[in-house]
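One chain, chain A, appears in both complexes that follow, with chain B as partner in the first and chain C in the second.
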Partner chain A sequence: MSENLAKIKAPSESLFSKKNRKLLIEPLTNNNPVTVQVLGICSALAITVKMDTALVMGLSVIFVTAAGNYVISALRNIMPPRIRIIVQLVVAAALVIIVNEILKAYLPDISEQLSVFVGLIITNCIIMGRFEAYAMANKPWPSFLDGIGNGAGYAILLLIVAFVRELLGSGSLFGVKILGSAVPGEETGLYTMGYVNNNLIILPPMALIIVGIIIWVQRAKNTSLQEEN
Partner chain B sequence: MDKESNAYTIIFATIMVVVVGGLLAFLAISLKERQDANGEIKKKMEVLSALLSPEEMMKVSRENAEAEYEKYITGGVVIDVNGKVIADGEKGKDAAFQTNIQAQYKDKNIAVNKRTYPMFTAKKEGKTLYIIPIVGMGLWGPIWGNVCIAEDKSSIAGASFGHKGETPGLGAEISLGFFIDRWVKGDEKITDENGDYQKFDVVKDGTGGQTTKIDGISGGTITSEGVEEMMNRCLVPYTVYFKTL
Partner chain C sequence: MKFLENILHKMEPNFVKGAKYEKWNPLFETIATFAFTPKQVTTKGAHIRDGVDLKRTMMMVIIALIPCLLFGIYNTGHWQMVAELGNRNLPYWENGLDKFWNGSLIVLPLIVVSYGVGLGIEFIFGMLRGHSLHEGFLVSGMLIPLTMPADVPLWMVGVATAFAVIIGKEIFGGTGMNIINVALTARAFLFFAYPTSMSGDKVWMAGTETTKVDGFTGSTALGDLATFMSDKPVFQNLNGFTSEYSLSESFIGMIPGSVGETSTFACLIGAGILLITGVGSLRIMASFFVGGLAMGLLLNLMGGNPYFELPAVYHLVIGSFAFGAIFMATDPVSAAQTAKGKLVYGFLGGLLAILIRVLNPAYPEGVMLAILFMNISAPLIDYYVIQGNINRRLKRIKTA
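Moving on to the complex of A and B:
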């Protein structure tokens, strides 16, 4: 009798079981929200001129997707189905306002550079997409991991794009001039040899081209991502 | 309880709104002090950026802005639209700093002739300079700035412009050095020989660089004209005040 009961009871899963680890890692590579699902492209173009803004934006999105997924998942059984999209929006909006207020208080300069884009996290398709597709159907802990994974997948892409754009566009990384000083008359480093920063790469369209190149490389290496035809 | 019922839906929505609203209100109140402090430091940096050269400004950060502000800014006055003094002397510096011209500009309940006009006096390299904050309207939203008037109370010695959301690469360029230089580098004066205000004219034909003619920004016409309007409207009361000194 007791043996039967033990069988019926679902085996408790460890916090970082293989399945849960997959939730974290898949979105970073083969199921990346930006390069594979092509969500959240707009902000990837706007705030990837510098590494520090990209990092803060990435962390903000991780926070919103992870905490939001957790809350939505916890509420999923008591949520009135007819207003579920509204509830999801309220949760996302509240979390975005929390992030925005905290940035304004503790990182005012970065908050100014990100300006409206923090507020626009709410319209980032990754967030509503994960709420609706994952958190509504899964338990809080896996949902939380899924949120972190997808947020991190977005953040990593932002950082890669920002790395290329800040290095080639401004000759610096995280604001540190690593290619030398470009001040006319007192050039140092690479600039003494006639190297010039590429101003084109600072403009938004170049972010799209860089994202395109990343998608191309990723699909060339992983043929299972290629669509038929 | 039936999750599909109207009563359940309304109760759920009500509780959710109260909880979320309460949480956000609590957060906003607890962070307000810090955010206001950040805003004040930003304002001090903007005042200093009209006074100091870009190289000197590089050394001013959020950490030392307070000290640098106290070092350079020696006093202030607040005047009315006719150039009459409302506050000066001991209280002037604080009163000028506390005057929120952006809020007055936005507030439709304050008549134009009831607006107040703050000014800071600064000492740099033994010379007295006057820093005047200004505010206006660009293409998409508010623009603002600080104009530094030299000891002769007429020449523009420095300026800084800011904007909330002008088009990057076009109107947004008003905050860049090359546009500011057009107001500062030549013989730009806010008054004629009689001490009366003389209007600035932002031109498109490239004939700027004269006392009152300034080249605009191609593709940023409305923002450039916003700067022109802002200068011509905000600076007049000060020229009246300068005559009384």
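Moving on to the complex of A and C:
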């Protein structure tokens, strides 16, 4: 009965209609999972010391949210609601294991640096949040786009934080020493003028402060995001 | 003065709401109220018994800091000369004018940078938020240079001041809203961000790095003491230490250290000024000292290591213990507010300061970390003091 209803109601919609594009773009800015919904903070603190780890982590999360959203959305009508959390966890866990194995095989260095945090993607609130809030109530294609959008929103924030932390903390970006060499005795670039890398910014508390500053700037610019007291 | 007043009076219409320079009103108002009394004064139903306002309170702290500042300038000049000649036994009171002059050349730029950066940021926030400049930074701006080692690069002072004003104060809403001491935030930032410029043997005397004399170290009393906890102590035993740093010299402040903190004597003069004018809290200062003394005595009882056996009184005169107790812990914004809470706050602060200092060689001076920790705990202390009071009164009602 319900399936028939859905068939009658469903209007044919182009793959990238205005509504679908919104699913992709909203999470990047005004509905960012990290700065607006304040989810996934812990991993944002742990793996943003370097740009390359942040990028790999971001891509992994995009993959898990997108593929996971698609699978959950496809299963949503045949899944008994009572066991839905278990099903969601199994799907997320399977995807995370796939990602972890791929990283181990092709990017062993970065996989080692990310250590447990790839495995911990499964506990990232963004994943379960999107499964519950979106995929359980929408069709596979929009869910897929929603997953990509939210994963990308998370990835963009990681990259901004990692940019600041790697630039000020290590004087490099993606491992390239763009501020010159800081080796004592043979300094080049900025370091000849007495510049020193900031050790505090490598410590986790500074990542939290940087996320806080991003939230501050975003809400100052877009006052509709500010909460009432 | 009438002349200045006339000028300000003539300029005023340009700065009122809707006028040409409305945006610059905070700047105008700051200068005008700095020179003369503010225009808005309480007219009726006064709740404050005294004419003292924030600006005057802050000025009293600045005045109390002057002994520390002057002594710090002289001391900095002395140790710079020591580093230059490579002779740690240089007579302290000779060539006084030279030392004072050289010291000013090192300390004054620190003060200028601290005030310049801090007030600049405060002005920007004042203009954005449409209020006049808050006075809070007057004291922080003086405390920051006094907590710096003489050799710290100026740009680091600027970065730390900016960090402390923005992250330590403005994001909480500005003066009076900060949860931790602003000056200590600046110092803690530098301590963790640029440890090589904030600790070790090279930074306490200007020019130690370039001194040509072999085997010269610019270590501080606390740095030397911390080596007792390692395998290679600087001194064979405690007597070696006490002959190098005598109690009276440490009390007067004739030892290397951050610019303004070496002299317990100058700090005590400042404490006197703060107490007479009622600006500083005697409860916090006294309990801070008692806490430090108690921890020192406890460590004496435990013994077994020369550092543990250091006479407890020494702990109060070396390092920044007195400076922290008198000027940092008593910050009226970030300290505990209740009378009982102040006692607990000060006592635990002193206790922790000595605990960190002795037991963790990685942090030779624990005063900064202890006070920051107590700043964060202060609301909790106040909460329990107030709850205790409420419960006691409730009991009285029930029994009556």
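The rule we apply is simple: the second predicted complex is superposed on the first by the 219 of 229 C-alpha atoms of A that agree within 3 Å, B and C clash if a C-alpha of one lies under 4 Å from a C-alpha of the other, contacts with A are read in each partner's own complex, and residues count from 1 in each chain.
As a convention for this text, contacts are C-beta pairs under 8 Å (C-beta built on N, C-alpha and C of every residue); 3 or more make two chains touch, one makes a residue touch a chain.
Please read these numbers as outputs of a predicted model, since none were measured by experiment.
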If you stack the two complexes on chain A, which partner ends up touching A:133: first (chain B), second (chain C), both, or neither?
neither
Given the touch rule stated above, what does A:178 touch, chain B (first), chain C (second), both, or neither?
neither
Applying the touch criterion given at the start, work out whether A:38 contacts chain B, chain C, both or neither, answering first, second, both or neither.
neither
Output check: A:201 vs chain B and chain C. Expected answer is one of first, second, both, neither. What do you get?
second
Tell me the contact category for A:98 with respect to chain B and chain C: first, second, both or neither.
first
Once the structures are superposed on A, label A:216 by its partner contacts, choosing first (chain B), second (chain C), both or neither.
second
Partner chain in contact with A:115 - chain B first, chain C second, else both or neither
first
Larger contact residue set on chain A - chain B or chain C:
B
Jot down the residues of chain A that show up as touching in both complexes, chain B in one and chain C in the other.
203
Mind listing the chain A positions that touch chain B in their complex?
78-83, 86-87, 90-91, 94, 97-98, 101-102, 104-106, 108-109, 115-116, 203
Complex contact set, residues of chain B against chain A
3-4, 8-9, 12-13, 16-17, 20, 23-24, 27-28, 31, 34-35, 38, 42, 62, 165, 169
Sort out for me which residues of chain C touch chain A in the complex.
153, 155-156, 167, 171, 189, 192-197
Going by the contact rule set out above, which residues of chain A touch chain C in the complex?
194, 196, 198-201, 203, 209, 212, 216
